[in-house]
Every structure is written in C-alpha cells, then in structure tokens.
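In what comes next, chain A is part of two complexes: it sits with chain B in the first one and with chain C in the second one.
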Partner chain A sequence: MLLFLARRIGVMLFTALCLTFVVFYLTNLPAKLETLAKTQAGSRISDAEVASWLDRNGYNQPMLTRYGEWLGVVPGWTREEADGGMTGRCYRLADISEPGAAPDRCGLLQGYWGNSTRFRADVADVITARLGATGILMLWVLIVMVPMALLVGVLAGMREGSRTDRSLSTFAIASTATPEYVSGVVFIALLASSAVGISPLLVSWGVIEGPVLFQGNARSALEKITFWNFFLPVMTIALYGMGYVARITRASMTEVMTQQYIRTARLKGVSFPNIVLRHALRNALIAPFTVIMLQIPWLLNGVVIVEVLFSYPGFGWVLFEAAANNDIELLLAASVVAVVVVLLTQLISDIGYVYLNPRIRIS
Partner chain B sequence: MTDPLTWPGIFAQLGLQLWPVWIAIVLLFAVSISFKRHLGLYGKLFDSTIGMFGFTLVMFWVFTALFADLIVTHDPLAQFSGMRNAGPGSALRDPAGGYPHFLLGGDALARDVFSRMVMGAREVLRIAPFAAMISFMIGISLGLPAGYIGGKLDTGLTFVANLVLAFPVILLFFLLVAPEIQNTAIPRVMAGFLFLMPVLFFTVLLNARFFTQPMKRNLYVGAVVIVGLWAYSGLAFNADPFGVWGMSPNLLNVFVAVVFVNAPTVFRIVRGITMDIKTRDYVAAAQTRGEGPWYIMMWEILPNARGPLIVDFCLRIGYTTILLGTLGFFGLGVAPESPDWGSTINQGRRLLTVYPHAALAPALALMSLVLGLNLLADGLREESLKD
Partner chain C sequence: MTDQKSNAPKVHHAAKRYAQECRKGQLSRREFMTRATALGVAAPAAYGLLGLAAPEAKAQTPQMGGTLRIQMDIKAQRDPRTWDWSELANVCRGWLEYLVSYERDGSVQPVLLESWEANDDATEFTLNVRPGVKWNNGDDLTAEHVAHNIERWCDASVEGNSMAGRMSSISEDGKLRDGAIEIVDDLTLRLHLSSPDIAIIVNMTDYPAAVVHPSFTGDDPVANPIGTGPYRPVSHDTGIGAVIERNPDHTWWNEGNGAYLDRIEFVDLGTDPAAWMAAAEGGEIDMTYQTTGDFVDLLEMIGMPATEAITAATLAVRFNQDNAPYDNVNVRRALQMAVDNQIVLELGYNDRGTVAENHHVCPIHPEYADIGATPFDPGEARAMIEAEGLGDHEFELISIDDDWQAATCDSVAAQIRAAGINIKRTILPGATFWNDWLNYPFSSTEWNMRPLGVQVLNLAYRSGVAWNEAGFANAEFDALLDQANGIPDADERREVMAQIQQLMLDEGVLIQPYWRSLYRNARPNVLNAEMHPTFEVRYQSYGLS
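Here is the complex of A and B:
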C-alpha cells in the first residue's frame, strides 16, 4: 500500500509539473506578454515601450529560466537601479531594495506564489480568500447533490423497468442535458426576475415583501448566507452534476439487484425495504462513491460559470478574471490548485474503492 | 402598424413558420417506420418511445438548421428601429413588406431573437457533429493499438490522455481559445496533428482489408489519400489550392480546442473496450489465421465495439454542444455578431432579470437539442442491449 501511494504521488507530481509548464507556456507567449504589458503600462504604448517594459520586469529571459524562477529552482533575476538600490524578482516580492537583503531564489518551493497583476495583491492571499468562498459553495452543492442523486438512483434502480424507474431515469437524463448556463438563466428568469416568472405574482398576492423571491445575485452571500441568496447558485450546479451520479447509482443498483444473494434474501422472506437497505445498498454504493469523487473536479466548470453568472466572487470568478486579464502568476496558482484538486480526488477515489471493495487488493 | 401578437398567436405563427421542418419530419418518420424491419439498429429505434422522442427532437433541430433560410423571419444580424428589448410578439414599426412581427421579441441590439435562434442551430450543428467525429477517429486510431498492443505504447498514450483529462476543461479553454493564440502557430500545429488522424485512420482501415488485392487497394487507398490530403491541407493549414476546404482562424481555434478536450475520453473508452474484446475467441481465431494486427483491430475488434461507440457518439455530440455553448458564454473564439446559442445567452444575461426572453430562447433551444441527443443515446443503448 505504501509503495502504491508513493508511486501514485510521484506520478501526481510529474503530472502537476507537466501541466503547470503547459499553463506557463501558454500564458507566456509573446502575444500574451504584449497584452499584459499594455494592460499594465497603458494600452497605447508603442512596440519599443512594450519591449522595454518587458525587459525592465524580467520577462525577456528564456521561457525555461523563468519557469525555473517561478518554481524556485533558478535564482531570480536582479538588476542594479540607478540610485544604487537593487531590484529583481525576489526584491519586488519582498518589497525591499537594499542589495543582498532579498533571498536568492523565490518561487513555489520557497513559498512565494507571486503577485497578482489584476488584484494588485499577493496571489496566496487572493487564492486562499476566494477558495474559502468557493469551499462553502461546493459544500452546499455536495450536501444537496449527493443525497438527491443517490435517492433518485436507488429508487430508479431497485425495480428495473418500472414506471418509477422510467420517469426518474428520464429526469436524470434531462438534468445531464441542462448545463449550468441554461439552468441558471431559466432559474433567474423564473424565480429571480421582477418582471416575469413567479415573483411579480407573489408580490401582487402579497406573499413576499421584496420585489423578487430569490436573489439573482449572490454577492451578498459573502457576508451572510441565506436561503434566498444561495439557493439558486447551489441548485444550478447541483442539478447538472446530479444526473450523472444518479445514472451510475441506478446502473450499479440494477446490477446488484440481480445478484444471487439478493434472490436468496428474497426467498428466505426478507421484506423488500429490508433487502434494499440492508443487503443491496452497501454494495450498490461502491461505484457512485468513485464517481462522486471524480465529479468534484468536474464541478469546477460549473463553479466558474455559476460564479460569473451570479457574480459570486469565489475561486471560479478569480479564474475567469485572471484569464481575462492574463494575470500570469494568479492563473498559474489557480491551475496548480485545480490540478491538485483533480489529482487528489483521483487518489482518494482509488483508495476509497480499494477500502470499500475488499475483493480488490493492491499488491 | 399591425397589432402585437398574444401567446396563442405567437405559437400559431411559430408553427406556421416552421412548416418545412414539420413536412421533413413527417416524411422521414413515414419512410422510416414503414421500412423499420430492414433498417437494423436505426429501425429498432422506432420501437422505443424514449428513443423516438429523442430522435424527433434531434431531427427537429437538424431540419431547422438545414432549412434555416426558409424559416427565418428577418436577417439575424439586422437591427430594426424601436425594437430594442421588444417583448415576444411585438409588431415592427415599419415592416416595409417584410414579416410584420418579432415572434420571440428583440434583443438588446434590436435584432430578432427567433431568427437568431434558428441561425444559431446552423452554427452549432455545423461544428458539433464534426468535432465529435474527428474526436472519435482520433480516439479510435490511438485507443485500438493502446488496448491491443499494450506495453510501453499503452503506458505512454494513457499518460498523455490522463494529462489532458487532469486539466479543468474551462482552464484549457481560457488558455487555448484567445485572440492572441489565434495568431500564433499553436492552433495550426495542433490541427496539423489532429486532422491527420482521420486520413491515417481510413488509409489503415482500407489497407488492412484490401492489401491482398493490390488493384483494389491502390484504388481505394489512393482515393482516400488524395481526397484526405486535399481536405487536410485546406482545413489544417488553409492551403487548399482550389479553395473548397477552409476554416477561419476563429473557427479552427474553437474546433481544435473542442476536439482536444474530447479525444482523450474517447481514447479511454476505446482502449477499455479493446482490452475486453481482445480476449474473445474470434480474435484468437483471427490471430491463428495469421491476420495482421491492424486487420484484427480494424475489422475484428472495431465492428464488435460499435454498440457502445454509437451510443457514446450521440452523447458526445451533446457534450460538444454544451462545450460550444460554454465557449460562447464566456465570449471565447466566436465572431462578435455570431448568432450561436452560447454567445446569445451571454449577451442576454446582462438584462436577464428585466428582459429574459433574449437569453431564454437560445437556452431552451440548446437544452432541447442536448436532451434529444441524450434520449436518443438512451434509446439506442436499450435497443442494442436487446440483441
């Protein structure tokens, strides 16, 4: 088991290294650097000014050297200023100018994530603050999504081909066909619009005080989460992810229900609810567990869409802003986080699978 | 000036406007149902209610895209005075002999929402099926040898596929589909690699079958190579000497990104099925007969893997449609005036709480197309399992 873990972590690190290099390469293309220079130093500067801006800020070294700087394996660039002070990657990050005062290397390995050019703040601070906001969103999504998906899947799968099965399966298919930007738009139009949907009706009946039933903007949830400002974003993400998990649960449940031991239990007179709860459920939930774990990175897509649509400033919103402004170091940090989430959930799902299913042993 | 339409009127007019679609669907169903016993899996589809419903939804949008020029009531790019954010059924101030109403209202730039939605179907259906097809050919061409031969080749290809899959799709889109990237060599290089796969696929496919009959082989493979390389030069490098094949840098960028995201998943599916099928007796029989590895992969394993692959193909077109919508939603890689559904939703969402119709129409259109494809896949899966 330890050897398996060590090998998996080794592959994970190598994957993360490859992926961050790809992100680094794509964000540091000459055309993208030019855009960055223009957003930082003014949009009308000439080509010569762009070149000198890039030169002054250490962007004109070879790509691999700068990737090494970012990782912290290559010493950061330095230059003596006209007034005798020193400047350079590490000097700027530490905000000092005395020669020799800054460390030699300052990258990921030394704990420096760099500065965000979009938010003009430390990347680590931006990411941790926003990740917290997204963590709460994801927590609620999972709280809503997982029980709902398992319930739908188990109910549909326990009697294959029945009317319940048909209608719940169709519902699951419909939910996988509704991406977040569709369900979000429909929800807002139906529940959070002061002009159409049910809100004007409820207002005219005097059921609700404010102009709308649900808030179409989740920014206020940062201070205080209420049912009314958080329900729509959570439902929008949960709905799209739910269908897939429900279908896997159903498939797994129908397979279990045809097993010999279920028939034996039936023949010895165990009641149907007892068969489902005691005998079938435990074995039927192995496959959904792995799928739920693998679903988490997939929800990231939804998080970006929903946070942009409902203007909820979380991790997805930061990713969108960083990409729109070519904020290199923020984008790199965000991709490191995203990649780590993907690889960690894969690892957990593998380990959990082995743990839940004693038939599989890793040598 | 005519009176604005009420909802029953709007639906009646929409039904009338879509007449070519209804006729085409009725004809298709009449022919298909009367010959359904001779049509194999496609015919069996008409035994399943869910599959038939899904197929109807899909064909509705296919025919809408085909007959879009007959259906649209106005130019989808034209702006009409006084129609900014007009509600559904509003009458035009000055129709000037044209259609007197905006059936589904006007958007924030006073364009007809209905016509844009219809034209958007064409935009989506022009890309999604082809992107899914290319992804499948790449996935098959790489997945078959990875599963059948295994060893170092399998390890290497699986690692690369996992690498792409570990990328959050949205991050990849943000990085890969951007105006700055379009001007670099990256999309061209990727297209050069990705579009070469279908040509190789067909060459190997036909060569493996006909290499014992050199005359036939030379004819078929020669035709594939000539037509393939002709299309390849145009699509990947925009260097078609006759100007028949071509893609704008915008479109190429979107296409490449979507294929790049889809192909690794197909690869993993094909690899899994191949590893399962290669232990069967008929593969062992072919090996004993002395057939080459490519013949076994292409003509023994692939035809027997068709069931799950056809089902996944339907799902993948739907997923590609969702991905295209996501791209449009973030304003990535689309022309500013483009009527595709994703960017129409994106433009409509700014005034969503006040004038939702501009975003709702394309959103429901996209949902119904994807739902149709998913139901179709479900029907096909059910019918193919009955064998």
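Here is the complex of A and C:
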C-alpha cells in the first residue's frame, strides 16, 4: 500500500514536471513574451520598449534557466538598481531592495508560486481564493449530480428494455450530448430573461415578483449564494455529467441484474425492491464510483465554460483569464493544481475500489 | 465646477471673433464652446459672449446617499501617466482629479485650475491653481505640485508614458525643458512653449493626466490613494470589481456640488455583452460603462434607457504604407474608392453615427474644412487595381474579434470583393491581435476622440510617431501640421486644415468610414450619468433620484 502510494506520488510529480515544462515553453515563446510586455507596459509601446521591459524584468535569459528559477533549482536573477538597491526575482517576490536580504533561490521548492501579471497579486493567493469559489460550485454540482445520476441509472437498469429504461436512457443521452455552452445559453434564455422564456409568463401570472425567475449571472454568488443565483450554473454542469454517470450506472446495473445470484434470490422469493437495494446495488456501484471520480477532473473543463458564461470567478475563470493574458506563473500554478486534482481523484478511486470490491488488492 | 471668478474682461480676442461667427451661424455652438474655452475663456463667459446664460448644469438634484453598480472592466492598476484604457482612469476619478475637464457640450472646464490664459500666439499659458484645494492627507494643493505633475508627464523615459507626446511643446530630450515652467507664486505658474501649441490645455483633459500627490511613486494609485477628490477606494480586484466609498475624513473643495453617492461598485463581467444583459435582467447592475450594437436597444427594452454622446471616435481601417502593395498610392486610393462609407456605417455600426470622409477630421472639430469625400466608384477601383498589375492579388484585411470592429471590417471587405478585387478577411482573438497589430499591412484601429482636429493628426499620422500604424510619412504633411499647430484662430487654421485633409485624401491614407456615436444604458433613477464622449465615468457627480 505504501509502495503504491509512493509510486503514485512519484508519477504525479513527474507528470506535473512535464506538464509545467510544456506550459512554460508555450507561454515563453518570443511572441507570447511580447504580448505580455504590451499588456503590462501599454499596448502602444515600441519594439525597443518591449525589449527593455523584457530585459529589466528578467525575461531575456535562456528558457531553461528561467524554468529552473521558477522551480527553485537555479538562483533567481538579480540586478543592481541605480539607487544602490538590488532588484531581482527574489527581491520582488519578497518585496525588498536591500542587497543580500533576499534568498538566493525562490521557486516552487522554496514555496514561492510567483506573481500573477494579470492580477498583480501573489499566485498562491489568487489560486486559493479562486479554488475556494470553484470548490463550492463543485460541491453543489456533486450534491445534485451524483444522487440524480445514480437514481436514474439504477431505475433504468433494473429492468432492461422496460418503458422506464427507454425514457430515462433517452433523457440521459440527451443531457450528456448537450455541451455546457449550449445548455447554459438555453437555460439563460428560458429561465433568466425578462423578454423570452417562462419568466414573463410567471410575472404576468403573478407567481414571481422580480423580472426574472433565476439570475442569469452568478457574480452575486461570490458574496452570498442563494438558490436563485446559483441554480443555473450548478444545473448546467450537473446535467452534463449526470447523463454520462447515469449511463454507466445503468450498464453496470443491467449486468448485475443478469447475474446468477440475482436469479437465485428471485427464485427464493426475495421481493424485487429488496433484490435491488440489498443484493444488486453495491455491486452495481463499483463502475460508477470510478467514473464519478474520473468525472471530477473532467468537470474542471466544464467549469471553464460555465464560470466564464455566468461570470463566476472561480478556478476555470482564472484559467481563462490567465490564458487570455499570457499570465505565465498563474498558468503554471493552475497546471500544477490540475495535475494534482486529476491524480488525487484517481488515487481515491483506486483505493475506494478496494473497499467496494474485496477481490481487488492493492500491493 | 462653474463657480470660478469671471475673467470676462480679459477675453481672448479670437474668442470674440468666434462669438460673432457663432451668432451669424457660421459656427455651431458646440464648436464655439470648444474653441473659446481652449483659449481660457470660462464657460459662463463664453456663453455670455453669445448673449446667453450658461445652461443649468443639473435639471434635477440627486438625493444624498445610495449605491450605484456599474459594469466596467477592472484592469490591473498602474502609474496614471501610462494608463492606456479609460477604465483605469475611471476607477480613480473619485480621488484623482484633473486640472481641467472636457465636457459633453464641447467646452473645457476648470477643475483643479481656477482659470488659465493664453497669449496671442499660443506660446505662453498662465495657469491659476484653484485656491483652497486640499489633498486628502491634509496638504494644500500648490503650483509646485502642479509643476511636479507636468514634469512627470514630460518624462518620456517611462515606458508607455503617453502624456510625453502630448507635452512635446514643453519637453526636450524626453524630459521637461529647463525653464519651460515658471512658478510665479504659490497658486500661479506659467508655461513657456517652444512652439505654439493650441492643444496643450485640452491635452490635460485626457485620462492619463490625473493629478497625483508629489509623494506618489510606484504604480498603484489604488494602494496609495492620496488625491484631492471626495472618494476613496475600498477594494480593487482585477477582473472582478472595485468598490469606492465617500471619504469621511476629507473635505472636498467642491463640497455640496457632487459626491452624492455613498458607494460605487464597479462590476467586471467580462467582455461579453450577453453577460451584462443577464446581470442587468437579474438586477445586479444599474448602468453600463458603454453599450454597443444591438445591446443598446436590448437594454432599453428591459428598462434601462440609453444616453448618446456624439463624438469624433472612429474606426480607422488603415493601410500600413511600409508594406507592399500598400506603399503604392494608387492601390490605397482604389481600395478607398471601392467602399461606400454610408453602407459601412449601416452594416458595421447599425447606423449609429455619421458618415466620415477618410481624412480623420470630424465636423465637430472646430477647424474642420468641408472638402468633400472620396468618390465611390467600384468600377474605377477595379480598373486601377488591374492597372497596377494586382488583378489576381489577394488582399487581406485583419481585425480583432470585437463585435462592431469585425462587422465594420466585414462590410469594408465585402464591398471591396463586390468591386471585383480579391480580398481575404482574417479575424484574430485579442490575445493574438495586439501582439503585432502595429505592423499588419491592412487592419483597423479604434480611435477615441480628441477635442481638436489637429490632435489626432499629430498623434497618428505625423512621420515616425509612436501611434502611426498607417506608416504615413510625408514631409509636406508634417510641415502643414506644424503650421496648423501654431494657429490659435480656428478659421485661419481651417485654411491650412483644408490642405491637410486634401493631402490625406490624395495620399489615400486610410478608409475611415464613420464617426461613432457612443451609448450607455442606465436605470431611470440614475442622474447625471449621461454617456461622455471620452468615456469618462465621473461618478463624483452621479446620483440617484
């Protein structure tokens, strides 16, 4: 078990290293650095000003050296200022200018995540604040999605080919075939517009007081989450994931229901609800459990679209902003977080598997 | 802001002449206001020259208190003189004020200055600092502080300091020229210009010209909010929003004439107007910073009436003359002739503006000369392109993926195509576009308005200047422009201007299809928040009824 964990963590570190290097390489292409200089120092600055800006901010060293700086294995760049003070990567991160006061190396290994150029703030602060917001969103998504998906899947898989199965399967396929950017827009038009959809009807019937039923913008959820401002983003993500998990649950359930021991139980006269709940369910949940776990990193994709669509500043939104503004260190941190999330959920699913299926051993 | 002492006895002689013309109907009142106030005539006095009383500034006085929520981009702050977006300035307007301001009626009003006078040939300007203005740290505003700010503006060694270009008549070698500022006393200073420059005061209304305290260093006016205005920042989160509140520890010089709101919340909802729409429907915003295209009507439909500002803002669909085949004047002129600007206005900007004439001088500019427009003749255009041997050449028009900018370029390209000339349209996302936008051979640039016609020409078309992405370099043009810059009298200047405009047409510098009107939507209970021609959000004078 310990060896297994150690191997998994080793893989995680290696993947993170590879991924961050790819991201680092792509964000440090000369054209990208030029964009960065222009967004930082003014979009109309000349080529000479771009060069001087890059030089003064340590971007003109070889790419590998700077990747090493970011990791913390190479000493950060320094330069003496005209007024006698020192500046450099570590001086700026620690916000000091006294020569010799800053540490030599200041990268990931030393606990410095760097500075976000887009937000002019510490990357660690930006990421934690935004991850927190996404965490709340994901929590609600899972609370809505998992029970719904399991219920739909189990009900559909209980009696393969029945009318319930056909209609629930159609629903599941439709929901998983609708990407977030479609369902989100449809939801807004249907439920959050005072001109079209059902809100004008409800207003004319006197059912609701405000102009719209749900809010088509989740910015206010940042301060206070209400049912009305959080419903649409949660449903948009949840519906998409739900269909997929429900399909897997259904497949798993139908397979279990054809097993010999289920037939034996029926022959012995066990009632149908009892068979489903006590004999079939646990075995049928093994596959969906893995899928739900794998679904979490997959949902991070959807989060980018949904958070931008509903202007909810979470992790996906930060990823979008960082990519759009070539915010190098923020993108790197975001990729580290993404790797950790993917591998951590896989780890949980592997370990959880053992408890659900005693025949499998981790060693 | 109009309670200054009258300086009517010393009215500039040119201003009196303008007044006569205005009464004769040769000059619109708006043009008269811009010209007269630029020469240092106070607005009430200027109205007086016309025999009119100054209009009441406010029809309805807002009540004190309340919170206003405004949709606007919140960008990472930096040193004010390097601001490149009006949004950056708008956040800080509550505490960083300006020496002078450009008003919706075209006049230039004193703010931290009480008044100013120009000498007859516009080479010497006397600035009188408003007495009794205090910084919110308790210091008095003095002529020395103003001089310090002007010196900051002149420092061209700071990357992206766009004020340096505006202050060229008092600069030398990229910094303030020795002896250009003479501090007469605590509240008076005199600018000695190296060449006549009628635009120097008007330039101080531009958004990077915010007046900062002498202790201000670094690049974050939000972290260090020492200013003269009645508000102070509470929070500022890039990309998310900013909150401003009335400063209870500071007595504003203009107390009682504004600062009605308790709190202003800027909300950054991204660049997609559909998201603003959703927020407006949900009652989360009270006004937009600027609304474009169909959303003006859509927001009106949900109970947020629009206000309009007629401006000289435009989209310059420019050729870059450093790139073949646009180094050939016949090619440029042919492409101009293939495009009917009226159609571009209708299709590209929903007819919300006025047709322009390809020379980037607007009828609302005081020195505009009506010299007619480029003829529209697609047949001739095709013939000229073929005569240059480019019958099979595929032109390429590159634009950013912004809604109206892309639509405008689409309709330009469609008409060129209709004339039988091959053209390809390329639309780039913002992140890619800005990287190389100065060098695209055929592309478009959004230009905001400047109060005087010579100002944009100085910034954008003079040989070798930073913002000249048209690559236009013409000695005759530069010489004429120099000449125009030294003529304070707009009528005399118009004669030179006619030559300049004609030169722009002869050289086929750009396709400049229309002048944009700008719109903003706000709820009916928001007062004094009409759209401003230079995008100002002066929330210190906004209020709720």
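Convention: the second predicted complex is superposed on the first by the 362 of 363 C-alpha atoms of A that agree within 3 Å, B and C clash if a C-alpha of one lies under 4 Å from a C-alpha of the other, contacts with A are read in each partner's own complex, and residues count from 1 in each chain.
As a working rule, contacts are C-beta pairs under 8 Å (C-beta built on N, C-alpha and C of every residue); 3 or more make two chains touch, one makes a residue touch a chain.
Treat the numbers as computed from the prediction; the structure is a model and nothing was measured.
Looking at the shared chain after the overlay, A:35 reaches both chain B and chain C. In the superposition on chain A, A:178 makes contact with chain B only, while chain C stays out of contact range.
In the superposition on chain A, A:57 makes contact with neither chain B nor chain C. Once chain A of one complex is fitted onto chain A of the other, the partner contacts of A:334 are limited to chain B, with no touch recorded for chain C.
Once the two complexes are overlaid on the shared chain, A:46 sits against chain C while remaining clear of chain B. Look at A:349: by the touch rule set out above, it reaches neither chain B nor chain C. Within the superposed three-chain model, A:26 lies in touch with chain B and out of touch with chain C [touch as defined at top].
Once the two complexes are overlaid on the shared chain, A:295 sits clear of chain B and of chain C alike. Contacts of A:220 after superposition on the shared chain: chain C is touched, whereas chain B is not.
Comparing the two complexes, residues 31, 34-35, 188, 192-195, 212, 216, 308-309, 323 of chain A contact chain B in one case and chain C in the other. By the touch rule above, chain C contacts chain A in their complex via residues 76-77, 82, 84, 159-160, 162, 220, 237-241, 267, 269-270, 274-275, 277-279, 281-284, 301-302, 430-431, 434-438, 466-467.
The touching residues of chain A, when paired with chain B in their complex, are 15, 18-19, 22-23, 26-27, 29, 31-32, 34-35, 166, 169-170, 173-174, 176-179, 181-182, 185-186, 188-189, 192-197, 212, 216, 297, 300-301, 304-305, 308-309, 316, 319-320, 323, 331, 334-335, 338-339, 342-343, 346. Contact residues on chain A toward chain C in their complex (touch as defined above): 31, 34-35, 38-39, 41-46, 49, 52-53, 117-121, 188, 192-195, 210-212, 215-217, 219-220, 222, 229, 308-311, 313, 321, 323-326. Residues of chain B touching chain A in their complex: 50, 162-163, 166-171, 174-176, 178, 180-181, 183-184, 186, 318, 322, 325-326, 329-330, 342, 345, 348-349, 352-356, 359-360, 363-364, 366-367, 370-371, 373-375, 378.
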